[in-house]
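Several structures are given next for inspection.
Two complexes, one shared chain (chain A), two partners (chain B, chain C).
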Partner chain A sequence: MIEHVDLSQVNWARAQFALTAMYHWIFVPLTLGLSVLLAFFHSIYVKTGNEEWKRLTKFWMTLFAINFAIGIATGIILEFQFGTNWSNYSWMVGDIFGAPLAAEGIFAFFLEATFFAVMFFGWNRVSKGFHLFSTWMVAIGSNLSALWILVANGWMQYPIGMQFNPDSARFEMQNFWEILFSPVAISKFTHATSSSFQMASLFVVGISSWYLLKGRHQLMAKRSIVVASVLGILASGYVAFTGDEAAYSVANKQPMKLAAMEGLYDGEKGASIAAMGIVNNAKEPGDKQDAFLFDVKIPGLLSLLANREFGSFVPGINDLVFGNKEQGIVGADERIAKGKMAIEHLTVYKEAQKHGYAVQAEQALNEFNKYKDDIGYGYLNKPADIVPPVATTFYAFHIMVILGTIFPLVFLLFLIFIKKGTLHSHRWLLNLGLACLPLGYIATEAGWVVAEVGRQPWAIQGLLPVSVANTNLTTGTVQTSFFMFFALFTVLLIAEIKIMLTQIKNGPEEN
Partner chain B sequence: MIGQLDLSTLQHIWWIITSLVGSLFLFLTFVQGGQTLLLTLAKGDDEKSLVVNSLGTKWEITFTTLVLFGGALFAAFPKFYATSFGGAYWVWMLILFTFIIQAVSYEFRKKPNNFLGTTVYDVFLFINGSVGILLIGTAIGTFFTGSAFVLNEFNQVTWQTPLRGLEAAFNFFNLSMGLFFVFLARTLGAMYFVNNIDHDRLTEKSRRSAWVNFLVSLPFLLYVLISLLVMKGFAINPETGEVFMQKGKYLMNLFGCPVTLILLLIGLILVIYGVAVTYVQRKDHGIWFSGVGTVFTGLAIFFLAAFNNTPFYPSTADLQSSLSIANASSSHYTLTAMTYIALAIPFVLGYIVYVWKLMNIKKLSLADVTSDDKAY
Partner chain C sequence: MIIRRISHFYIDGFRSMRVGRKLWLIIFIKLFIMFGVLKIYFFPNYLNTNFSSDQARAEHVLDNITVYSK
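Let's turn to the complex of A and B:
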């Protein structure tokens, strides 16, 4: 099907997707979380009628709008990039993948776009009640848009509710509800939104801490901290719960990703979790080297996390690459062989169809059906191709988990000292709150690195490797567009940060 | 009831829905047209500020409609999405670029310490309104003039020119389509200002601008219309599915599908009437006639390209690779599921219209802009 796969072209296309997605994700979590905080702030204002709360709401709204604009700018490219750089993917799964994107447009984007203008400009134009309603609609709209895109992403990680159609040579939808309510989609949505609430809370706490350190806008800062810390703690609980759910579904649906997250090469019963470690980069699947240069393990915990059972078996990278008869795991070599059979029979089938040889076509189709589940493996060259970059996945996962564990403690400390009325005298905590702001961004980006790097080489888990999903472009073309985006987004990011910092420095009354 | 519809009906429904979204987008490009007027029509800070803030509550609707247009094409006609976006790579990339720079410009242009300066953001808005719309117009032009691509048996696209889509802008028909859309957008933008801004001098200038831009758009419109009537078109043999060139194809489509003809005639009359109402009768509601007229005209263009056994994305390099609503669509199941989702569209349109009325109930005055600390 693809005779000459230009790996450097694929890698540039991947780099471009990573670049645009990571830039976009700088702005999305803040939009998701801050929209909810704005709804809280605005509700308190309407309930109390206190002008201070209005000032506070308007201040955070200004920062929200700056962030929102660049979020839109970086977002449009992601929708169209599926077509421009991944056209074969778009054709092969467009029947399934397109629907959530269209639903996102219809159900969510218009809510955001329509009510954003009311929220922002409605102070003197619409009634107080309708204005508040609009602020809530922006929060609901943003989070609904996250639902649909994560349903789409969840489906790529765990493709269900569809079947391969040999006549059109594409995957076709069989069950919309199975796709919408896929356990992976649900855990992705809940984890991404709750961690975004957490990140936005860190943003508000961080900036408010800076004001307290400077001795400015103390009342506004403290009020903001209270609301944000409460949301932050609640969100952190959800983050932990949904993170556990996400890990459980990864263990079941994408065992290779889990193995890479933990740097686990040889599967074992009662597998331990690496609390931290330094990955041995020279390690290859199947060799005798240690996976880590240094590590601290917690026994039994990985089995618990993966299977909810202490003594259970967790497969490692070697089990999945080379197979493990004892545990009934089929190795990648066998699956590659089957995949190649599937491709071969599909080609024979299409050829026979073209010439009208009905009997031959039926035979080929029967043979194809025997092997079709492994069709994606047929495009790989060697068993070790199914291993994602272990070090990147491992580090990203551990950074995310460690930071995610620290954040709720920080929120808790803020609440305790604000209740005691001594927050301003604990400068170390205010400094910590400020430091957590960039750390929140790092944690949430790391989460996506785990999700996306950890599923390599697949665009769609087990069915379509990235090397087959791309568009027939030259490396130079993709390189050129990569650098165009890199330059443009960087310029816009610099502008955004400068504007944002100036607004923060000026504070609420100068806006 | 939706569950019982056959594939061909669903394909037609989805072409109609997609066309409606595309045509609404054409109307909403009054935002882009208005942006190009920012540099030429509005003089001084007051007028500029009125223009930007008048468009500032609407640009996201236009943007979102474009995004939905893309999403609907992806979901309903994935083969088109894959072929055109992957194939005509550079034309789409440039269009996207012009929308990326638009999205930040309203919010950033007047903010202190904004790195690039107000003028650069205003130029961004101009580029979006001119280059962006021109390229979208030329891309729509290729629905009639074709593109040079070949699809293999696995439907993978190979584009035959190194310019990857930009070559469309060197075809006079496509270029005329693009320029017509640019000047139509400017006409609509000027009429929107007349409707929305409370400023005598600016309103007066806008009336004249609507008239002048409409006159400038006419030769391009006439060239497109006459070409459509006389040019060879791409046709599908309904028996064999074979694609071939046919003389007067689009003329035949007009009469073979009277709805298209009626939409085109009423649409153009409404556009002209709206301009006349604005300029000759000095009324403020001309935008609504021309707006509805633009939607009708857009529908006619999209229907003309796809109905009556016509491939809407024809290939000049390999006629049989041409895409039609029959061979480019999603499966029966997906189109059915999406049709249920589309039942929400009237509801969405409803709240957009409601909010629009609520926000535009009073014209925007200088006092509004100076007193609003959130103004752009």
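Let's turn to the complex of A and C:
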């Protein structure tokens, strides 16, 4: 079974994908969020006619362009990897992913690409109204691009609207709208975009704080801070709301991920949320050790988060691994047995089809259909294989939540002191604003660590583990391309930081 | 007339770029490395390279996902 697979090769392929996705996500949230901020800055310029707002808009537009240029096509490398490292997976999902990715190309990319040039070259060359319209279209197009990718990701987390075809070995789309409006896809899109608005607001506040600390471009910096802080506060509220929705959806569709996010081993009614804690790395499912070396818990809050009801039951890792009859939870051992039946009947079906035994094929297909929902479990060795890395998921989730709670307070303080007219004298706040810039990146990356590490071992939830999704290549091949990507992306990141720092040091006059 | 105006719009826009020129250079170098080197030499599409038809690809994947029952 799973021991036949070269796990070190799978892990290198996973590391390569994680590396690429995390580098890609350095550029994406700033593009999504800053495009919206640009639209607001540009709108204020058009409304007021004040040249200072034009200067301000052009400055942030230059930083947007740098980020966009360096980040462009970094996501395409993920598609290269699908075809090379994850060929089983890419074949099996081709029919599902084709539609959202095509929709991205038609609706979003062309929208974005058409208006991009007008946004940059349109100053004094097209009418003010059309120019502003183009800036808004870039913002809408960028965010629509994210929708389709997140729909595809949401499907992997909650595969619906499809049927497995045992002849083509593909998941075939049955209902496009069910996939598009999947609760997981919607919560992913709303949470990812709103957190990107928050991150871009931190970016603008951070750089503006630096200008105020240096005593340069003070009017531009203060105006930028006002707009970014207002968007930041609004986005933070929406991040909290969509985060709550995402957690509710995870609790229902991926309860193991929620249990790992909270380090919850034994399910309980009125489950507590861990405000903070140090995970006991020696803890294994089913043993008697404490899950934490140290923790601070808030009673009842996890039940409220997961089920919208204080006293409700939230399953823990042990309940999901070993089952809980009282709560009607089926253990992983039972699902593994069903999964193996599904694989066995699929094998019989395949052989019967090959030899033209129609009756035997039909019987095997009927049996396969009884167990197909658990087919992914059939590739696992033992019940504990369904547990993701608990410590990584727990820490990433808590880093994201703690930082996400601090950010709106920072935005609020900036607005209060700007209104009082004393912001420049509060150097501690300006330093905090500057420090929040990298923290914003850490929070948004941590969010993706929760989403992806927390759903291991699955490439497609419950249907395909990563160890079966990949191509059987040699470890050395994947290692070589891993280090090549590492070098390429590091060079790109250094280039972005260097060019951006030069532009920031130059300030708006030189742009 | 419209085509000429549009082409002038782009030509003037590109000519007036300062930071943009450096960015375009980075974009072209990056795209060349990605599509001209990495994609061709390090990231061939495994199924397209090794199998000539969709049926052969499907059979290969089906073999891969059923080998575990043995």
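Throughout what follows, the second predicted complex is superposed on the first by the 504 of 511 C-alpha atoms of A that agree within 3 Å, B and C clash if a C-alpha of one lies under 4 Å from a C-alpha of the other, contacts with A are read in each partner's own complex, and residues count from 1 in each chain.
Here is the rule we use: a residue touches a chain if its C-beta (ideal position, glycine included) is under 8 Å from a C-beta of that chain, and two chains touch if they have at least 3 such contacts.
None of the values given here were measured: they were computed from a predicted structure.
When the two complexes are overlaid on chain A, chain B and chain C occupy overlapping space and clash.
In the superposed pair of complexes, A:L304 makes contact with neither chain B nor chain C.
Once the two complexes are overlaid on the shared chain, A:I494 sits against chain B while remaining clear of chain C. Contact with chain B, but none with chain C, is seen for A:K58 once the two complexes are overlaid on the shared chain. In the superposition on chain A, A:F121 makes contact with both chain B and chain C.
Contacts of A:M173 after superposition on the shared chain: chain B is touched, whereas chain C is not.
Judged by the touch definition given at the top, the superposed model places A:G83 against both chain B and chain C. In the superposition on chain A, A:L434 contacts neither chain B nor chain C.
In the superposed model, B is the one of chain B and chain C that contacts more residues of chain A. In the superposition on chain A, contact of A:L38 is made with neither chain B nor chain C.
By the touch criterion stated above, A:A103 is placed in contact with chain B alone, chain C being left untouched.
Within the three-chain superposition, the chain B stretch that clashes with chain C turns out to be 151-159, the only such case among 61-69, 151-159 or 223-231. On chain A, the patch touched by chain B and the patch touched by chain C overlap at residues 1, 62, 65-66, 69-70, 72-73, 76-77, 80, 83-84, 87-88, 90-91, 117, 120-121, 125-126, 168-170, 350, 471-473, 481, 484, 488, 492, 495, 499, 503, 511. Chain B contributes residues 56-58, 60-61, 63-64, 66-68, 70-72, 74-76, 78-79, 81-87, 89, 92-93, 96-97, 99-104, 106-108, 111-116, 153-159, 164, 330-331, 333-334, 337-338, 341-342, 344-345, 348, 351-352, 355, 358-359, 361-362, 368, 371-374 to its touches with chain A in the complex.
Taken in their complex, chain A has these residues touching chain B: 1, 58, 61-62, 65-66, 68-70, 72-74, 76-77, 79-80, 82-88, 90-91, 94-99, 101-107, 109-110, 112-118, 120-126, 130, 134, 165, 168-170, 172-174, 176, 350, 354, 471-473, 477, 481, 484, 488, 491-492, 494-496, 498-499, 501-503, 506, 511. By the touch rule above, chain C contacts chain A in their complex via residues 9-10, 12-14, 16, 18-20, 22-24, 26-27, 30-31, 33-34, 38-39, 42-48, 54, 57-58, 61-70.
Across the complex, chain A meets chain C through its residues 1-2, 4, 62, 65-66, 69-70, 72-73, 76-77, 80-81, 83-84, 87-88, 90-92, 117, 120-121, 125-126, 166-170, 340, 343-344, 346-347, 350, 378-379, 464, 468, 471-473, 480-481, 484, 488, 492, 495, 499, 503, 511.
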